[in-house]
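Take this structure, written in structure tokens, and hold onto it; I'll ask about it next.
Letters are used for the chains, namely A, B, C and D, taken in the order the chains are written, and counting of residues starts over at 1 for each.
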Amino acid sequence: MRNVDMRTELGELILRNPVVTSSGTYGFGEEYAPYCPVSILGGITVKGITPLPRLGNPVPRLAETPSGLLNSVGLENPGLVEFRNSYLPKLALLDTAVIVNISGFSPDDYTLLASSFQKKDTGIAALEVNISCPNIKHGGMAFGTNPRSAEEVIEAVKKNTDLPVIAKLSPNVTDIVEMAKAVESGGADIISLINTLLGMSIDIQTQKPLLANKMGGLSGPAVRPVAVRMVYQVYEAVGLPIVGMGGISTWQDAVEFMLAGASAVSIGTVNFVNPLAPVDILNGIEEYCLKKGYRSVREIVGLAHE
Amino acid sequence: MRNVDMRTELGELILRNPVVTSSGTYGFGEEYAPYCPVSILGGITVKGITPLPRLGNPVPRLAETPSGLLNSVGLENPGLVEFRNSYLPKLALLDTAVIVNISGFSPDDYTLLASSFQKKDTGIAALEVNISCPNIKHGGMAFGTNPRSAEEVIEAVKKNTDLPVIAKLSPNVTDIVEMAKAVESGGADIISLINTLLGMSIDIQTQKPLLANKMGGLSGPAVRPVAVRMVYQVYEAVGLPIVGMGGISTWQDAVEFMLAGASAVSIGTVNFVNPLAPVDILNGIEEYCLKKGYRSVREIVGLAHE
Amino acid sequence: MYLKVRVIENRSIGHPAQGIFRLVLSGQAAKIAKPGQFLHIQVSDTYDPLLRRPLSIAGIDKNKEEITIYYKLLGRGTDLLTHFKENDYLSIMGPLGSEFTVPQQGELLLIAGGIGIFPLYSLIQAIDQEKVKIHLLWGGENIDFLESADLKYLVNSGVNVKISTMDGSLGHKGLVTDLLQEMVQDSSMIALRCNNLVSAACGPKGMLKATAEICLNNDIPLEVSLEERMACGIGACLGCVCTVRGADGTVKRKRVCKEGPVFRAKEVVWDAEC
Amino acid sequence: MYLKVRVIENRSIGHPAQGIFRLVLSGQAAKIAKPGQFLHIQVSDTYDPLLRRPLSIAGIDKNKEEITIYYKLLGRGTDLLTHFKENDYLSIMGPLGSEFTVPQQGELLLIAGGIGIFPLYSLIQAIDQEKVKIHLLWGGENIDFLESADLKYLVNSGVNVKISTMDGSLGHKGLVTDLLQEMVQDSSMIALRCNNLVSAACGPKGMLKATAEICLNNDIPLEVSLEERMACGIGACLGCVCTVRGADGTVKRKRVCKEGPVFRAKEVVWDAEC
């Protein structure tokens, strides 16, 4: 008696269901294959790609915090060329929507990255523009916290690709709505949020920051209330479809984000604990819709608003 | 063999030890008396006082989140007059430093509040200026997120009281250092941080926000990495002594804040779980200093910095 | 009091699907506990879930120094509570809050909705039934629930019990307030009222509100035990307030954990708009 | 594999103050586990602590389908792990990661620092000691630690064991790398080397680095098992990398959970500045 229509519409990006996985937590789609069939998912988002290969930050890159995780991977990735040559062909074979996450240190970087991914590149469903990675010392953070440069970056991307453009927002701002409006003006088709909250942990034995990079990005259940709040605020203020994320661990959490206004939900940190979480979440959302009598999962989006 | 000097200096405010309790979590000092002897503490901070009495927000005011708590008490308090008449005399009898937390909706409010508390009012050790309560729809939040008005408010307070002035910062900002510098310019003697992170939780059965006020402030262990980061950043950039708070639950957490740069630590949400937490934390800090061979607790402040 | 207390019993009672548990704790708290009060219980050592859980005291044995609690499995907190075994230790704060007035003579009318029966158990236990006649109106979802919530205890207690269920599987089909309405319209009520009738109620907010209306309209003094989400449990956080109208007509807040959970119904503002 | 497996044994061994536990798990994972691999274990149902804990496989019994793990009580995660009892179920991912090369002939030199002995147990177990002679150098804090970490098992295993302790309570007083240095300077070493000597090491980073230097200087092929903080355990998060130098001289990252934990020592860059 499965008769809930689970298709999700994010503007012209149609996913077969609203559950995707988050950039940086799901490798390049193959790592979790033995644990969770990607063909069940609405999509996966690959690790952030930069123009050149990056070694990322030194270790330790991880610190556990109460119901949360600090990471300072620092955008380790094989770079644009290697990604296109070695990873993209494999990604194209996956039976799921692939979202490519891009990061740059200048508007030119974004222009280059955007122009390298087009609709004709089989296997790519959308570009997610990470203007919010807190681990890069120069640039990355500034784009994500300054409305002017966020708009510019999105404009640069939008001009150079025909793929749907997802602007990924940083929560480390005073006014998330201002940022959302800026990327809307820049031409973003979709907004995703939140990236990680800037945090830190100190080892009281060594008396040094636990992460080699000192600060890192906080993710996991701990940040969920902040993420739900921001999704709710952005939904009220901006007309673009939203991919909600930040601490989603159960189907209840996912429904919470959808009621707040997310048309799709992205699953990150919880994969590390429960690799079947995306499947459990998908089933749970469907069950919820069934029980509450919705024909389509799209009906629950934004219901928490008056 | 207790021979660690536990006295803490926050400019001219000297506390017998670095452990104080946080505004809004410790009532007016009498509630926890049966559970935790306040005479052991460095100080207590009372619930935020406004010029007029306030009923606060409707219930539900509380929502539990992973390792965190959302509250939207909305500054319920007896108002300035009643506070002075009925509460202050009792507070003056307590054998601990009493920090009075004040909140207003306009610079005039702050002027009035500040001028009502002076050194000659026995029993008050300092004023903590809450420019950061996220629960007030008008004013409160704006002061705490705009450097200009934060500076103005602190200036108004500083001009009208001879008590040490603690500026309490909101974490809901893009740049905490900018805010810290603003209150420094305003004349603050001490900086305390963090207040709560703005968050939200939605009841998936009723499909409405769980808090009657929709949004609330997130506190508890979940926010600790954000708080430690901000203490660390402010310590690097500003010369004022810091009272660190946000999710401190164990002595290890407290030491983490002190290494990050806090001269004192404030204990909030954890009291609800473990009313003896302040005592455990105090003992733990002392033990840590003993083991590591410090003569004074002041030696560990800021050690995590190069 | 803030103590570690020993678990004497902690098990599912009645129909497992109803998820009702009885928890018996050993400790001095029993010496000072009063009917209507509650314990604030730490259900886990980790920070997730973070908060303690408030649970009413349903039975007090001062001699054996034992407190009995009934709880319904609801979410993660109560689930974690079920994991405690005999001889494990639980951290409690309490007894906390205000108590029911225990009448010494006359007639006592109790009105319970669902698990609202639990705090009333301690009141029944405290009454000298030689001197005070107890009438209980109790509404529940269905017979399974009522049996699981220890209907047998009540039947054996000598209390005059009237039941309603939503599905009609036992007693009146409908709301417990139907029973109350019926009762106050009944002529025998007059006799009860002459005999110093007082009442106490616990249950969902809507049911309490309706109960309060009926009782106040009929001049029956009523005490209600309220529920609110709690953090500190002792009056420090102002998280759990209810709205009351003072004698002078002004609206005020009271803390359910401190001035409550038991309030005089006539002071409670049920639909506070602030 | 991602499974719930049954706990067969989970108890403190040796001196309680040393906090060493042996955990035996039942399950098919034993069928495919290789020495050097690890399991990624969920220690609690709540989100605090959030992450799984990586623990090396110390014993593999393919017939009984049992895996043995030794762990040291360190923080909250390992503390929660001690709470699991016989017949409880644990969620594991694994066996994960790379394996030690199991020599089929010649001589095997093992160098262990502290609890670094645990993964080496599985290697010892996999060796046919009729064909391969095993020499073990093991350094620990003191005799209590070594006994608790199952020195007896080693002594009974037929392995040629040399011990060092920091306090001199057993064997050489000093570092295990002192023993190694001594050994390579010994003339009998030549005989060993002629007999296809290979080596494997596990322990703290500083000890591994020193070990690698000595072995490489003396042309002894060495495999090391590295430790790094882990989140996913399967190569998806890039949290656990180490730095290696490729054949072409360029510096690269490898994931300790995926390409490791066992690496050829000569490729590891010990003091990566990036």
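Assume a contact is a pair of C-beta atoms (placed from the backbone, for glycine too) under 8 Å apart; a residue touches a chain by one contact, two chains touch by 3 or more.
Just so you know, these numbers come straight off a predicted model, no measurement behind them.
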{"item": "Highest-count interface - the chain pair sharing the most C-beta contacts", "value": "A-B"}
{"item": "Distance between the centres, which are taken as Cα means, of chain D and chain A, whole angstrom", "value": "36"}
{"item": "Separation of mean Cα positions, chain D and chain C [Å, integer]", "value": "57"}
{"item": "Where chain B and chain D are represented by their mean Cα positions, the distance between them in whole Å", "value": "47"}
{"item": "Interchain centroid distance [CA atoms averaged], chain A/chain B, Å", "value": "34"}
{"item": "Residues of chain D whose C-beta touches two or more other chains", "value": "47-49"}
{"item": "Multi-chain contact sites of chain A, meaning residues that touch two or more partners", "value": "63, 65-68, 220-222, 249"}
{"item": "Chain contact topology (line, ring, star, complete or other)", "value": "complete"}
{"item": "Residues on chain D engaged by chain B in the complex (per definition of touch)", "value": "47-48"}
{"item": "Interfacial residue positions of chain B with respect to chain A in the complex", "value": "63, 65-68, 70, 145, 172-175, 197-202, 204, 207-209, 214-215, 218, 220-226, 228-229, 232, 247, 249, 252, 255-256, 259-260, 288, 300, 303-304"}
{"item": "Touch list for chain C against partner chain B, complex", "value": "1-2, 42, 47-52, 93, 228-243, 251-253, 258, 272-274"}
{"item": "Residues of chain B that touch chain C when the two form their complex", "value": "24-27, 31-32, 34-35, 47, 55-56, 58-69, 71, 73, 76, 220-222, 249, 269, 271-276"}
{"item": "Chain D-facing residues of chain C, complex", "value": "44, 46-49, 76"}
